[in-house]
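Chain lettering (A, B, C, D, E and F) follows the sequence in which the chains are written, and residue indices restart at 1 in each chain.
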Amino acid sequence: MSNIFSGGAAAGRLSLAMKTAGLLIAVLTGVNAWADGAALAGAAVLTAPTPALPAPMISAGDTAWMMLATALVMLMTPGLAFFYGGLVRKKNILSILMQCFVCLCLVSVLWVICGYSLAFGPDTGHVIGTLDWAWLKNVGVGPGPYAKTIPHRLFVLYQMMFAVITPGLIIGAFAERIRFSAFCAFTVLWSLIVYCPVAHWLWGAGGFMGTQGGFGAVDFAGGAVVHINAGMAALAAVIMTGRRQGFPESLSPPHNLPLATLGAGILWFGWYGFNAGSALAANGLAVNAFMATHLAGAVAGITWCVLDWLKFGKPTTLGMITGAVAGLASVTPASGFVDIDGAFWIGIGAGVICWFSVTAFKARYQYDDSLDAFGVHGIGGIWGMIAVGFWATRAVNPDGVEGLFSSGQATQLWAQFKAVGITMAYSFGASLLIFKIVDFILPLRVNEHDERVGLDLTQHREAGYTVID
Amino acid sequence: MSNIFSGGAAAGRLSLAMKTAGLLIAVLTGVNAWADGAALAGAAVLTAPTPALPAPMISAGDTAWMMLATALVMLMTPGLAFFYGGLVRKKNILSILMQCFVCLCLVSVLWVICGYSLAFGPDTGHVIGTLDWAWLKNVGVGPGPYAKTIPHRLFVLYQMMFAVITPGLIIGAFAERIRFSAFCAFTVLWSLIVYCPVAHWLWGAGGFMGTQGGFGAVDFAGGAVVHINAGMAALAAVIMTGRRQGFPESLSPPHNLPLATLGAGILWFGWYGFNAGSALAANGLAVNAFMATHLAGAVAGITWCVLDWLKFGKPTTLGMITGAVAGLASVTPASGFVDIDGAFWIGIGAGVICWFSVTAFKARYQYDDSLDAFGVHGIGGIWGMIAVGFWATRAVNPDGVEGLFSSGQATQLWAQFKAVGITMAYSFGASLLIFKIVDFILPLRVNEHDERVGLDLTQHREAGYTVID
Amino acid sequence: MSNIFSGGAAAGRLSLAMKTAGLLIAVLTGVNAWADGAALAGAAVLTAPTPALPAPMISAGDTAWMMLATALVMLMTPGLAFFYGGLVRKKNILSILMQCFVCLCLVSVLWVICGYSLAFGPDTGHVIGTLDWAWLKNVGVGPGPYAKTIPHRLFVLYQMMFAVITPGLIIGAFAERIRFSAFCAFTVLWSLIVYCPVAHWLWGAGGFMGTQGGFGAVDFAGGAVVHINAGMAALAAVIMTGRRQGFPESLSPPHNLPLATLGAGILWFGWYGFNAGSALAANGLAVNAFMATHLAGAVAGITWCVLDWLKFGKPTTLGMITGAVAGLASVTPASGFVDIDGAFWIGIGAGVICWFSVTAFKARYQYDDSLDAFGVHGIGGIWGMIAVGFWATRAVNPDGVEGLFSSGQATQLWAQFKAVGITMAYSFGASLLIFKIVDFILPLRVNEHDERVGLDLTQHREAGYTVID
Amino acid sequence: MKYIIAMIQPDRLDEVLAKLTEKEIHLVTVSNVVGRGRQKGIATVYRSHKEAGSLLRKMKLEIAVNDDYVQKAVDAIVGGARTGETGDGKIFIFDLEQCLRIRTGETGHDAIG
Amino acid sequence: MKYIIAMIQPDRLDEVLAKLTEKEIHLVTVSNVVGRGRQKGIATVYRSHKEAGSLLRKMKLEIAVNDDYVQKAVDAIVGGARTGETGDGKIFIFDLEQCLRIRTGETGHDAIG
Amino acid sequence: MKYIIAMIQPDRLDEVLAKLTEKEIHLVTVSNVVGRGRQKGIATVYRSHKEAGSLLRKMKLEIAVNDDYVQKAVDAIVGGARTGETGDGKIFIFDLEQCLRIRTGETGHDAIG
């Protein structure tokens, strides 16, 4: 069977990349044109403060909550490391841990240097922030423009953790075969070229997809910015790095499922910070997001179990935790907009759709998305973003949006579709390009011998565990 | 040596179960009669708001704290999974993790559907809540009746985590031999039939054991509702599932004590949310509970070590963490009512009593409480509930109760005794009944071959670790 | 090559110890003389309340934050256990976990009994607290003298966790060879004789090194009190316990690097509580400390990687996490006084200096600081304390100090030097003495056979993992 | 002198060791192996990817005995390990040329036990 | 009857097992070992402390066969394991005196397969 | 050709390997085993449940050598492994019929080293 994902024919890959790049440029041009038109309204947001209201005050309660949320989201990166790490072979465990920690260290520094400013800084042309806030210039510990009751720098930290984990998610796609130096280069470029703009489009004041003078698409805690974004980059990674040796016949099973389960537990725990923290205050909205998050995760976990049970006769632990992660990822964009009904159906949908994507779709096309970064996060993110268009309701969030079911109108759904489409196209295309460039300078893939021996020894000169002791 | 715990003679078990059921019905009838008499006073609680006071306001600080506490208690379930998981044999590790995660997923959904309403909803007859709050109908993000400064749904979430971990604790009793489907069925039934009523009796407004028109028994964070409840169900489980093959001669040692220690560390961390969170606000009472919790855990850990040292010549790691868990469990009902003296003695008592229950009692009667769910949580919970009657003092909690030592009167002690007795009888009897019913439909125990091969492979078609790699 | 660290010649060790003790006495005498003179100003702090201001009020937000911070710092001790535990050989893993948990249990109880009072109680002679607050007498849940917006007992708990982890850090120095009973004795003595005084000198109201009538040295979250203190004790431990068998030729590699990485992840997570919590409130200062902490950890992790990359051709996972810990330790005393520039340079410095201390210095002198407790925490702490004298700025903390770079004056730098010097001398000397005394009664080191077999079996009669299963 | 290697079911180990003790055969070395035999393994499933699961956990015993103990050892192993199901395992017997106790330097017959 | 022990590269196991199956040799026992051979290992680095790294992970195969299967087995192993690089491993062949199937008590020739 | 199997104390491995190198015996395979011998193990305690602890960790060495190297190998092992305490272990020597280097196909004498 021949297919586009095999990563074999370099020529084919190149042409695909080019087509995508073309598409990308087309999209961006159109978007820019459109954005320019809307510039006036959008740009006003940041510059014009609201003088009538009393001066914003730092709330200790909100600050306490957001520091907690920040710490929780930070913990997700190690959590992800264990989740992914438990699923690879023993000889590659450290490479996964190392890559996740590199994201934590490297992207944090990037974020302070210029990432935050690019993503959230004063808007320019609705596509990107300026460098006015680079190295946190003009960013103090007083209230900031995005959250009025917490220090601005706390918002910087909170968003930093999102920027950290997003490239971390991609690791699942090229696990067990990427060269470490190429990985580092990719991560730096991707953070600046893909993550920052996409974050700006949806979340930055003035971004062209957001609610302040944009499409009106909403993404509560990162369905598009984080999950679709990482998922599409993962797909690009799968194409660019090709399949692992022995795929799919002689793939080894996960070397340490308890470790993966630990990772899943930490992820779930951290996700409260991710979603409920996105309310940016300790209030009812945060509680709503907390509830929706937990419920969707639980429901999706059960759903995956049931499907495994039906298909294979037994529910699996890996299935349960994968389902839970799929549910948590899917509800991410929706958690601040939907009630428990919405969360429930999003959870069911996440279980079913991601299960099919991993079981049927991947088996059908035989692409080696090693740890299902695309299959779970990409697909889950898409589902969640769209689901907002159905189940969102102002009953739970007066500042939110109305979906099809509560308003009977498809406006929001359409906005969500547009945001999903553009994010998918841009992330996929730009990621492919970045991989291409990196591969040109630093080969992406380790050589055959190193892959056989394992990345731990060959990339890091270490072994995860001792054999004799 | 013949004894009642061997689980050998089905007939004997049945008759025992019947006697218990009889006892149970007798108790409940009496209770209901009594409760009806007290209905007026009790029922008033929920219906009559206090109009004179200023309208309750959500506090960001309290909300932040309670979201944290909720997240912490949630984390205890994975923590428990690792604590238990490290103690079983390698071939059963995933079955433990899976069962804990099933509790997390399944009970969470049940809680939203009807569990919360049954446990905390408007009282009916002092025994159970109505279904008025099913699917969180009438439960919003404004202040609720149980906690005036946090969103009602946050209270729902917080209590959800307690409902999740309680059946989780029982897992220790039938570890390494239960069929997964039977486990699921049991967990659903037990949550609804045992957990919800008992929670209502002590914590629900109008419950017949509580302070609002009931016995006046108090249980700050779940000594009876959680620990005795789970411990007695564990005892029922031990009787119903019988001993593991090879018990007690050729039991394997814990396969991964560092994993168990990790679990214990997470449990301890989470316990702050469990106990200090039960103050439902970030105030002095929460701090008192925090202090008492930490101290009792520490003291009990040391106590267990000392006993091990005296008896076996060396203190053990497993002993230390078991002691700590026993101390934490024991101080749970007391943490909001006692000062550090009380916490100290409760810790000592927990170490001594649970150590004896595990060492002498279990060895004497040769019942196979695999991971000492009864011996640690059941016994510890009983000790803690009674200890409240001794050491409680209004000096630390003006809204609390006075124990024997501070007031010289045994009223509270007697109330605690009654609550303990009824909880024990009901939980044991009802659990036995549920096990009986489940066993009738889905055999509780795996067959001999599957037990030999291990539950991971036979119940979940997975292996926790790879052997060759 | 002969050197002072070999631990071989008992006589030489003794004389060294004596010299140090002499030095110590000299230092303390001088200090006391000085302190007496300054007594008036210093002692006033605690006794005279500020009657003009409105009565202090417990803030729910600050209390929530500080309970979180306390829980986070508590979690660091298990985190440390895994970090250290993953680095030893399989046969000693439990001994490390056990020692860390003993710190948690034992020191907590000591702290309540008298430790807190000694360290933070009403000052006597600027060197130590009185026993007025022993067993938390006069310490309630109202606001305390050190933090006006949280219950006093919460401050006790928060500081307790610092007292717990500090002796825990020393474990890295004598890992794999200490007798458990000797360890317990040492920990008790060291906590009371070394930790409490040093904490008092810098943090206690009236302490002779602090800002209230002392040198004016500052230590935001424990660079001297925790890291230098533990690091110098580690150096003493290295000298007193001597090298492990087989050092340095046939040292085994870390038995479980993923476990160590888990520990590092938990440590990093907990460090937010450690440093940002030291603001004692959920405010801008806490956020500043959070930011500085995160940034320094990230930068130091990268720095260590780069150095490994240059020297060994590949960056290692262990190097990255060691670097991160070094950065986090180094920024500890500075996090509340420096801006991101400072944090950045402290991180770079931590990476470079600690890397050299572990690579070149330890290799040169061949002392067996098994897990680099001195090389990372001692050196990192010294660097951080000194760095405060350079980068501190009142721009981020109006109540803080001005370093050389912002004020052009070396006053603060000099104060920091003095504090570092005295802490180093006292901690080293007193630790040596305590080890000497303990060794006299209970031999510090296990016998040769027990060391070969491993501490788990010989000290705790347990094995961490099963071999056959 | 003979050297016996036996592959048995992991959960029969305690039984076999007990039987060996009964026959006064105390010295034995044990290790983990995985084996492919007639026994059909349970196929495992990881995210819907099925693994054939042909390699099953077994325990390997190694016992050096003097010739007169061979039969006893075999009987003990069979006695402890037989369940009658496939997967019970095999016993292999080798000629052992020489044996030496490291501690004492004894060789041959004396060094075995 | 012969007893074959082979040390091979860990990642060649699947290949070797497949080749053995082709030759109708189904029964085999596998275990983890580490070996020091001609292959130069990768020196590992732990906090700047270098480990020689001379012991490399290998897979050990044990196969008992009747005499007529020896060559087939050797061919299969060589076929599956050879990469041409140092570290490919060795095959050792022993005389097997006796073999017994625990389940049935069969011995010799019949018990092997 | 001979095949030497030795069970030694885990912590003597480095010593034994060093001694073997001295005697120019470089090739060796090592694995983890547990053994029951004369050495009394330390009974472990898990929540007051005592485990006999009869199976102790040992290291198993396998070395194929040409006949003239047998004595050297034995000397090296004894030299590195002897502590004089029970539990030092045993050396077993077998006749090795054939040996083959997978990489080159060499057999016999040449394939050993």
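Assume a residue touches a chain if its C-beta (ideal position, glycine included) is under 8 Å from a C-beta of that chain, and two chains touch if they have at least 3 such contacts.
All of these numbers come straight from a predicted model, not from anything done at the bench.
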Legend entry - Third chains touching both chain E and chain B: A, C, D, F
Legend entry - Type of chain B:chain C copy interface by residue overlap (half), same or different: different
Inset, instruction - Report which interface contains more C-beta contacts, comparing B-D against A-F. - result: B-D
Inset, instruction - Could you give the separation in Å between the centres of chain C and chain E, each centre being the mean of its C-alpha atoms? - result: 51
Inset, instruction - Could you grab the centroid distance between chain A and chain C? Build each centroid from C-alpha atoms only and quote it in angstrom. - result: 37
Legend entry - Inter-chain centre distance, chain D versus chain E - centres from mean C-alpha coordinates, in Å: 18
Legend entry - Shared interface positions of chain E, touching two or more other chains: 30-32, 34, 44-46, 55, 85, 94-95
Legend entry - Multi-chain contact sites of chain B, meaning residues that touch two or more partners: 59-62, 64-65, 68, 91, 253-254, 256, 262, 312, 314, 316, 318, 461-463, 467-469
Inset, instruction - Specify the contact topology among the chains shown, as one of line, ring, star, complete or other. - result: complete
Legend entry - Interfacial residue positions of chain B with respect to chain E in the complex: 467-469
Inset, instruction - Mind listing the chain B positions that touch chain C in their complex? - result: 59-62, 64-65, 68, 72, 89-91, 149, 252-258, 261-262, 265-266, 268-269, 272-273, 276, 281-288, 290-291, 294-295, 297-299, 301-302, 305, 312-318, 320-321, 324, 340, 396
Inset, instruction - Mind listing the chain C positions that touch chain F in their complex? - result: 91, 245-246, 249-250, 449, 452-453, 457-458, 461-463, 467-468
Inset, instruction - Give every residue of chain F touching chain B within the complex, in rising order. - result: 44-51
Legend entry - Partner chain F, residues of chain E touching it in the complex: 2, 5-8, 31-38, 54-55, 58, 60, 74, 77-78, 81-95
